[in-house]
Amino acid sequence: EDSVAESESHQCENVTIAEMTWSSASLWANIDKVILENGFGCEVELVPGDTLAATTSMIEKGVPAIAPELWTNGVVDVLEKGVEDGKVEYVGRSLSDGGQENLWVPKYMVDQYPELATLEGVKKHAALFKNPENPGTSMMMGCPAGWNCQIANENLFRAMELADYGFELVDPGSGAGLAGSIAKAYERKEPWFGYYWAPTALLGKYEMVSVDVGAEADLEHYSTCIGKLDCESPRVISFPVANVWTVVSTEFSSGSPEVMDYLAVRSLDNALMNKLLAWMEDNQANGEIGAYEFLESYPEVWTPWVSEEVATAIKASL
Amino acid sequence: MTESLVRVEGLYKLFGSTPNKFIEKAKAGETKTDILKETGHTLGLRDISLDIKRGEIFVIMGLSGSGKSTLIRHFNRLIDPTEGKVIVEGQDIMTLNEAELREFRRVKMSMVFQRFGLMPHYTVLENIAFGLQVRGVAKKDRSEKAMQWLEDVGLKGYEDQYPSQLSGGQQQRVGLARALCTDAEILLMDEAFSALDPLIRSEMQDQLVELQEKLHKTIIFITHDLDEALRIGDRIAILRDGELIQVGEPADILLNPVDDYVESFVRDVNRARALTVDTVMQPVKDRISAHTIGEAIKQMRTSKLDYAYNVNEDGYQGAIVREQLEELDKSEYSNELCEDNYEPEVVVSPDDVLEAVISETLDSEYPVPVVDEEGQLQGELSRGNLAEALSAQSLQDPETETDSKS
Amino acid sequence: MSWLTEIPQLDRSGMTSLKKIIDEAFKGFSRQYGEGIENFFKPLLDFLIFFEKLLLATPWWLMIAILVLITQLAARSVKLSVGVGVALLCIGFLGMWEDTMRTLSLITVCTLLSILIGIPVGILMSRSDRTQKVITPVLDIMQTMPAFVYLIPVVILLGIGRVSGLIAVVIYAIPPVIRLTNLGIRLVDKEVIEAADSYGVTSMQRLWSVQLPLAMPNIMAGINQTIMMALSMVVIASMIGVRGLGLPVLQAINNQYIAQGLLNGSAIVVLAIIFDRVSQAYAKRSQHNIGGQND
Amino acid sequence: MSWLTEIPQLDRSGMTSLKKIIDEAFKGFSRQYGEGIENFFKPLLDFLIFFEKLLLATPWWLMIAILVLITQLAARSVKLSVGVGVALLCIGFLGMWEDTMRTLSLITVCTLLSILIGIPVGILMSRSDRTQKVITPVLDIMQTMPAFVYLIPVVILLGIGRVSGLIAVVIYAIPPVIRLTNLGIRLVDKEVIEAADSYGVTSMQRLWSVQLPLAMPNIMAGINQTIMMALSMVVIASMIGVRGLGLPVLQAINNQYIAQGLLNGSAIVVLAIIFDRVSQAYAKRSQHNIGGQND
Amino acid sequence: MTESLVRVEGLYKLFGSTPNKFIEKAKAGETKTDILKETGHTLGLRDISLDIKRGEIFVIMGLSGSGKSTLIRHFNRLIDPTEGKVIVEGQDIMTLNEAELREFRRVKMSMVFQRFGLMPHYTVLENIAFGLQVRGVAKKDRSEKAMQWLEDVGLKGYEDQYPSQLSGGQQQRVGLARALCTDAEILLMDEAFSALDPLIRSEMQDQLVELQEKLHKTIIFITHDLDEALRIGDRIAILRDGELIQVGEPADILLNPVDDYVESFVRDVNRARALTVDTVMQPVKDRISAHTIGEAIKQMRTSKLDYAYNVNEDGYQGAIVREQLEELDKSEYSNELCEDNYEPEVVVSPDDVLEAVISETLDSEYPVPVVDEEGQLQGELSRGNLAEALSAQSLQDPETETDSKS
């Protein structure tokens, strides 16, 4: 282990990795930590942070060096500017088939009213989704304030003319608020309709059905109108696949080519990620435990990401 | 006047964290100093038993730290005794529940605190009306009454000031007015006049005595001023180191101190003002009982008196000098004794304080006769008696003539 | 000798089942009683909605006039009143009127509730050392248990929205007024209390005529802190869906809009200062001259 | 007459350019001076890292022993010391040892810093009404401006990590100790001050021998609040890159893990209670018998 | 003794928010009551000018609220005057800067407060040592010295108690010890003995006088006790409503009160203790100067004296009764006057207080001769003089015999 570390560690001393607070990001951060420490002999420090704080910090300060799972749609402007200024760069997709954003309803509702799986059904049963905060209206749970999806949700809400059916787009305030509203509804088997994304532990835990809006995803329209603040005439479309990137600061990328190679190739698909998240959920595991579980149980997945000696070193450390 | 109002039985008070643990030491008679040194507990009171009668002014005196304030605070149960009973009107106040105690404090007692205890956030007027406010008297009524007392204690014009804007003595008067304003039956006054100047003080003393006489209030009064104690007190109790040393009437204490402590305590008093004539006068030895000049001369010759007081069934008649009668013609012997036969009228009353009779006594060649309100001759007061009483020495026993002179 | 370097730990499965048991227990509770609890808070929610609507429906000039009038009545200071008017105009001018009214509505209710509950609890706490010993750790928990932690169960019980926000704000903001009421009363001069007792005050009279007035400086410090903390929770409340100035702040954070954050944050600060100054001035005015004017 | 219902507002473009100007100005400032400021804080960062490493490197039993010893020395209460020991063991047993040490490290530094800065500022503030008038609104801003708002520029300046976290915690936690030191000193009995003055005390002597001891109950209340507020910021600090107990809490929220939130939250509470009880007990022990033991 | 130490010139003090605005009213002579009513400002002092000499005990008296505490607080500038100057050792203390003022307070003055002003968080010992602590005296030294004073004021054993555990009088003694412990030149004592019992009080008075005599301290003393003032005061100032009414030596004030106020103030004093013989004695009229019996008889016959004092170049020789000499044989006329010819030795000293000479004077048939330490005859004291001085009335002028008797 030592010899490997020595040979590889010439430029990899202190690496900071952003550990976002949701499970998949935390898992990635910990996987990277283990691999970088044991495979490349880096001294790794995980720093927590939410998407934007981490991104800003990376752009302005170069710290953290690596954001292993960044849902870039949410910070696209900032990030593009950072890339333009040469402060950060995209390395690879950590979710190979991208994230899935959608409108959802709980499965138990679909069981009761199968038509709820379509937008038309939701509109028809608008009265079910009572809004206690504003009696008389129905509630569509949107995306938290300030997230990029907030704008998309607003535009789609308009496009779907949900307001005409008595719906109100409710801002849950935060990811936690959004998750809380799902949890509450699910535990009490209450109606719920709104936006969420996958893969997440939450959707692993609470089975939801994505609502078919009756239209294809249209990346073009999404990026020119739905995703923009001043979209004049939005059309109903499905959410395009969300880009989930690994982003590093240029400061780091220029100094650690081996690590960059690793980061460029490493990736998981939704199926495996969901499996891992489900395992974590079952065990109420945090990212660290999840990472060891992954490294121990799925060597065939990760060994190709690194050279053989590195892989041996990592295996030795488990 | 003889009904017992406040009775205290075997009262012990030990200050400290675990008084019950060490109370036995106090009972065993260890000194206050020893107890403090050994246990860190301060002996407040030791085995006090007292009886205060309805309508009297009961004065408590003693060295600083002897437990006066501690004792008086037991009467309205601001302090709970370590042991012993405090009985007011037959009721052991330790058995009162909270509501009863409150009622008891509202109606029965009001207190003037040694350190005033004014409400800093109330104006002078509000402070004075506090007792009434507590009783729920309407604002207008209590303000009126408080204003009355405010004027009585000489603070007119200060009604809207706050205590912090007053001088020490003014603050004390506010405390005084507050206590008086409630009309409580029993007044507990802890050095209530200590910060007052002599003029206001004597006014206040008069007022207190008047209150007691008119409204039969019972007043328990702590003071360091023996003159004051003697002036207003019906009885005086003297404490030392938490023990009760002597209780008695003023003259009694002055003239019969039980020990050196009390004696040294009373040594400095202004006797001329403290003692009344009856406490120092002598029984009359030179007394005759005549109606006519002849009888008088005869009696005086028999008793070999140059000078005598004539007392007959109508009471005291006057003083007679034999020489003067003998100058008269024998024919007049059968005449009734008349004005001219008596010495110029110089009598004093037994209740006079000595100060008031100094000139009469000194100017008179012979002892001055002491005659009471009913005209009865009670005794005589000689220059010698007076000198003795006034000089700094205590009189061991006024009944027996002593010769000791400084 | 692994214990030398590794602290003995519950193993993973133990940990997992422990966590699961707790989670399930709470969720079970929520399923069973959630509805009832929600109904219990329904009137409060209705009032919150009504009050917010009222503030929003009032024309802005009337609202400003009312607020300036209240300030003037409470504080009797023209300078302060004018300041309040100008600050509110600025808020309006910078487009934050509606959010400010929403926040004002929630925070007014929270602050009043905190004070109305907090002072009596503080009084109770000052009455006996035992009560103090029991309440203190509860207050510690209320202040340091991260809002987020109790927001999880609260949200599961009551959903996101005003009531949950209110509960979070009140839980967090109430301890200072309780603590300082307690401290203030305990610091009141014993001699004055004794004097009052000697006149046979009831415990209510003692409280109203002696303890509370003399503890006022401390109680006011507590109210000040409670107001500050309530307003510092505006953003957290927004995280669970309470509309108001918190949402734009969240938005600003998520987008690194410094100016937007600053402006909305400033509006919160302005509200805090208005609340604080008005309450302090009112208290000072109605309080008596305790220290005296030594020169 | 739209102004009757609509408050006059800056139009959208005005608003946007205003916001842009502010944002750009700050970012410009950051680019220019960021480095210098960061270097300025470098020693602090180094110390924070060193201290955290030290705590983490210390074997758990030694750490517990040290903490129990400190408690015992400060508070001289066996009960408290045993309690601290047991609580720490529980934390370790439930697998939160490392995070707890991280939080302990940051919060220790924050609390000490807050107290060390706060008390002198409070003293200064008590010296003159003018200073008080200047400082009070600053404190109001520090307490009510949502941490998130000033975290944006701080993060831009210093990046995420311990220093930013420390700044956020200190800004938020320092006001109570300042306010209550000020209040406490102002409430000290005038007569005692006057007596001291009459013996010709210097202002330092007056401070040390009269004002501070007599203001102690209030100062301690301030320290208590400061500790509480510092610990209540743990979660927010973890949002900008401070590891410790805040992170699992955040994870718990996002996944609605009630138990995990509760356990980690409880560890924060335990730290708060340890900090608070130890400091209060120390203060009480070193304080003198002011009230006297009237019975 | 005649050097001026503290001088006060035209001192005005008006309490309130804007004293300067209304000071003219005070100057225009409006009464205190009017000023309070009109402006809400309290007149503390009005146009006080005073001179206190080094080494004297200067007593300030006056009604409660007359401005005594206010005046004394100006001396160490605890209060700043509204107008006027306070000059200590030639230095206007209003011009001192902060450091100088501090030094001045440390070295020059120490004060006993009317309301004690103890540090509640210090033990008794620490309280007493406070002045030394402030000066930076080492802990051991100051504890030692404080312990000494603690014992002197009779609080031994209480050194580790806190003020709240002491009685009122004990607290006052702590304040007293604290002031004495600093060795300051000037002691400001604001009713420093008011809470003390008579025994400790007189001890303290003695100690104070001793301090002044031994260490030549200047003591400025406020008291309500006229006896105390007369006993220890070298000079007394009397205030009323903030104005200085009279300043003078005790007997002067007692015997020549400037107005009714002062007169009523001093009316109640214990004259027997307050007045010394020289203040009431009369010039000797019956004086001869003889060496032999013959000369004496001759002189007495010429002057028609039955009784005379013989004073020759060696001073006072004795009192002679003519009758007695005339009984002697003529042959003895040329003999020197000897012991036997004189009356039994009864002389009093001019410094004696009246109380001490009451018995001598009353027992003696003739006025008692007053002879000073050098043996010179200073005057005579008759029973009449004494009676007059002792009775409650004031003597308008002791130089001229008055006949008014009560």
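The letters A, B, C, D and E name the chains in turn, as written, and every chain counts its residues from 1.
Here is the rule we go by: a residue touches a chain if its C-beta (ideal position, glycine included) is under 8 Å from a C-beta of that chain, and two chains touch if they have at least 3 such contacts.
Since this is a predicted model, take the numbers as computed values, not measurements.
Traced through touching neighbours, the fewest hops from chain A to chain D number 1.
Shared contact partners of chain A and chain C, listed by label, are D. Chain geometry summary: the mean Cα position of chain A and that of chain B are 95 Å apart. Computed from the mean C-alpha positions, the centre of chain C lies at a distance of 19 Å from the centre of chain D. Centre-to-centre separation of chain C and chain E, using mean CA positions: 65 Å. Multi-chain contact residues of chain C, defined as those touching 2 or more other chains: 15, 19-20, 23, 27, 148, 151-152, 156, 190, 194, 246, 250, 252-253, 256, 291-294. Looking at chain A, one finds that residues 50, 53, 56, 176, 180, 183, 284 touch two or more other chains.
Chain contacts: chain E has residues 15, 115, 164-165 touching two or more partner chains.
By the touch criterion given at the top, residues 15, 33, 36-37, 42, 61-66, 68-70, 114-115, 156-158, 161, 165-170, 172-173, 191, 194-202, 224-227, 264-265, 268, 270, 272-273, 355-356, 358-359, 362-363, 383-384, 386-388, 390-392, 405-406 of chain E touch chain B in their complex. Of all residues in chain C, only 12, 15-16, 19-20, 23, 27, 30-31, 34-35, 45, 49, 148, 151-152, 155-162, 238-243, 246-248, 250-256 touch chain A in the complex they form.
Residue ranges of chain C in contact with chain B, taken from their complex: 189, 191-192, 194-202, 205, 209-210, 213-214, 287-294. Residues 76, 78, 101-107, 109-111, 113, 115, 117-123, 130-131, 133-135, 162-165, 182 of chain E are the ones that touch chain D when the two sit in their complex. The touching residues of chain D, counted against chain C in their complex, run 3-10, 15, 18-23, 26-27, 59-61, 89, 92-95, 97, 137, 140-141, 143-153, 156, 172, 175-176, 179-180, 183, 186-187, 190, 217-218, 221, 224-225, 228-229, 231-232, 234-235, 246, 249-250, 252-253, 256-266, 268-269, 271-273, 276, 291-292, 294.
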